[in-house]
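The following pair of complexes shares a single chain, chain A, combined with chain B in the former and chain C in the latter.
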Partner chain A sequence: MDGERIAQKVFLLAAVLSASVTVLLLAFMVILGLPLFQGGLFLEILTQPWLPGRQLFGVWPMIAGTLAIASLAVAIAFPLSLGVSSLIAVVAPGRIARLVKSAVAFMTGIPTVVYGFVGVFLLVPLVRESLSRGSGLCVLSAALVLGILVAPTMILFFSDALARVPRSHRIAAEALGATPAQVLIYVLIPGAWRGIVTGLVLSTGRAVGDTLIALMLAGNAAQVPNSLLDSARALTAHIALVIASDFDSLEFKTIFACGILLYAFTAAATLAVRRLGRKRTPAR
Partner chain B sequence: MDRDVKIRIAHLCFDYGRRRVLDDVCAEIPANAITAIVGPSGQGKSTLLTCLNRLCDAVPETRVSGHVMIRFQGRWQDILAPEVPLHWLRRKVGMVFQAPNPLPMSIFKNVAFALKLTGQHRRPDVNDRVVQALERAFLWDEVRDRLHHDARTLSGGQQQRLCIARALILEPEILLLDEPTSSLDSQAGEVIESLLLTLRKRCTLVMVSHYQDQVRRVADCVLQLNAGKLIPLPI
Partner chain C sequence: MKMGLWFRAAAVVIMLGLAALPASADPLADFKGQKGEIRISGGTAHIPVMEEAAKRIRTANPDVQISIAGGGSGVGIKQAGEGLVDIGNSGRKPTDEEVAKYGLKVFRWALDGVGAVVHPANPAKSLSKDQLKQVYAGAIDNWKALGGPDKAINLYTRDEASGTRDVFWKRALDKGEIHARANVVPSNGAMKTAVANDPYAIGYVSVGHIDATVAPVALDGVVPTNETVQSGAYPVSRGLFSLTKGEPKGVAKLFIDYLFSPAGHEIIADKGFIPVD
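Presenting the complex of A and B:
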């Protein structure tokens, strides 16, 4: 009995600690970034360009860089993931599906730096030579690798959602003469759409939050990218770069603005997923 | 033979893994009649039914051999032949399951779904045919005011008649029914039974049933399945 009570206390402590870390992180960023909130400076930082020579420390180029890289990565990963998860659920169930699924699960465990490494040595030269502009370190290179990085998360979510569609729905459609493609389009995808949206939102969060790929492959120029072949800097990469070079200046303070932005985005994504989850329950 | 034969099953064997479920089944099923398949549980009654629309194909590790000849518009066709397009076959041979399985959509969309699969989208035609199918399935009067409600809000018996309407909208030549009343109360079951008797005019019905009295009430012909073999019994 006593042992049980101790265990309960330990687990409670662990839960409180990990939950409070989330809150403390936000508090930490807001307190350290406090000077930014005075006199409308925060808004200026969000909208201005990054020109340290002219004392302009805006992070707008990094916001644009993050949006460009992350949205392109998700746009690449989404059709790829939907295709692979459809293969697992419909086209080749059984042994091939299990094989593909375990390969995908394995991919989630590969360290990000390995993807970045492969990107630097294989993809970047290819982009440089075939599209012949600049160094090859650009939005496109980063988004391609980031797309492949987030695809396994999407695939696992999508294929779980497709597999959860009741078998009776599938059989009802098959008995009416639905082809496998029709079963997928009219029954499985509509039945799994909440899971598909959840996977999409979480993967977008992952694409926005990833640091290393953008740092290694996007070129890190603090400019708003005008084309896929332009160099760009993501918010996460900006934090990593500034933290490595400076301390306690306005320039340094801007990374708290970046942090708060990333935090707000992740929180919004999590809340969106929760809302979806809540809606699902009464519908059943 | 006083009636036309619709389905001719010859030397049909079905293996599930290493287990032989159907063993050299030979039978003839008359057209425009209700044929009941009876027998103890686990003897492959439902398997036999799914061999008639090849829904059994979807189950992994199974093997089918023999012939199932069906006369479609006067022409015999071996539906076990690999070149038979499954979607074509299943539009000609409809099926209703033990538990009603409406799709998670409105009553109207459930019935129209089958037409959507065949690429028929013209609204007035679709509307007319949905109404006709619901009338034939004795459901129209109960749902005419709530066609756009979720089909899952219907009672069990209504859901089953909805599934029958959904199968009928494609004008199948054969309708397979796998214990269609076993999940319903007796009153809902009676409605389905009288519905089946009217459907005999337009198609051939093959029904798996557990209930002796039901078989006596509706079946024109009985096939008894025992240890994987079929024995025809005149009623």
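Presenting the complex of A and C:
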């Protein structure tokens, strides 16, 4: 009895501790970034260009860089993932599906740096030589690799969602003479859309939060990219690059602006997913 | 007070010892029986020397643990000053404020040039200072204008915390503009890899890092090599520094002494830098 109470306390403590870390993290960033909020500096940092030579320390180019890289990565990964998960759920269930699924699960475990490394030595020269402009370190290279990086997350979410569509719906459609492709398009995907959106939102969060791929492949130029072949710097890569600079400098303080932005984005994504989850009532 | 005296006495003894037995003294013998950890971080130009020295020390005495991290000169100064590492490396001399604020002790153990580099296949291997400045400012953006192929110039630069960048920007570019489209890489090693893999690149690395994978660019007719840096003919150079918070103690002190020993000088020269006393 007593042991149970102790265990309860210990687990409660663990829960409170880990939950408070996220809150403390935000508090930490806001407090250390406080000088930025005074005198409208925060807004300036969000909208200005990054020109340290002219004492301009805006992170707008990095916001644009993150948006460009992450959205392109998701755009690449989405059709790919939908295709693979459809294969698993519908087109080739059984042994092939199990094989593909375990390969995908294995992919989630590959360290990011391996993707980055392969990207640097294989993809970057390919992009540079075949597209004849720029250094190959660009939005496109980073997004291609990042797309492959987030695809497994998407695939696992999508195929789970597809598998969770009640079997009776599928059987009913088949009984009406629907081909497997029709079942997929008219029954399974509409029935699984919440899971699909959840997977999409979470993978977008992962694409936005990934540091190493952007740092290694996007080129890190602090400019707003005008084309897929332009070098760009993500918010995360910016933090990694600037963290080494003088602690008291304004450029170091921009780290907190980036941190708060990334935090806000992740929080928004999580809230969106939870709202979706709550709506998932056993309809029909 | 007492400490200072102690160290002065120790220094005298060591100097006498070195003077008495210059050839037979094995600096690694000082590590015999020692135990401890040396944490090193900071300048990335320093890393090859640090690693070789660490390797030899570890081989002689596995009880001494040495960890080496990069991060750039800014990190080296800050972490040494905050006591996060035992030795912080910097490719720029710490400012008087930094020395005063943290109570840093500064050891300059090598001289190093910073040279512009291009891909070995690029024929444009000699630039005037004015051309180099225009290239980095983005005014010249095609290799054709410099005797190379008709390809856009891919600029590479280092992050703001880099001591290599600091020296290159001040001495080679005269604090001129570096175009915003320049790719940014986080270390000397990454710069070398990037330029070695990009036929249309121009970047800059510590002269000690120049090897067959990249080609040095002569500046106003002077190729950056150890000889031209040492003679002063090549102007873009800086000291390589190791910093400790206060006087170094224990195994960290032995490590720094090792850098200044003949064996240390040999490592430094072997890694492409010019050892200094």
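Note that the second predicted complex is superposed on the first by the 281 of 284 C-alpha atoms of A that agree within 3 Å, B and C clash if a C-alpha of one lies under 4 Å from a C-alpha of the other, contacts with A are read in each partner's own complex, and residues count from 1 in each chain.
Note that a residue touches a chain if its C-beta (ideal position, glycine included) is under 8 Å from a C-beta of that chain, and two chains touch if they have at least 3 such contacts.
Just so it is clear, the model here is predicted, and its values are computed rather than measured.
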First, second, both or neither for A:L241, with chain B first and chain C second: second
Per-residue contact with chain A, leading partner among chain C and chain B: C
Contacts of A:L137 with chain B and chain C, given as first, second, both or neither: second
First, second, both or neither for A:G191, with chain B first and chain C second: first
Touching partner for A:A172 - first (chain B), second (chain C), both, neither: first
Touching residues (chain side chain A, partner chain C) in the complex: 49-53, 61, 120-121, 124-125, 128, 133-137, 215, 219-223, 230-231, 233, 240-242, 244-247, 251
Touching residues (chain side chain B, partner chain A) in the complex: 53, 55, 58, 60, 86-91, 94-95, 97, 99, 101-104, 113-114, 116-118, 163, 166-167, 170
Chain A contact footprint on chain C (complex, rising order): 71-72, 74-75, 78, 152, 154, 156, 159-161, 177-178, 180-186, 193-194, 197-198, 200-201
Touching residues (chain side chain A, partner chain B) in the complex: 93-94, 168-169, 171-179, 182, 186-187, 190-191
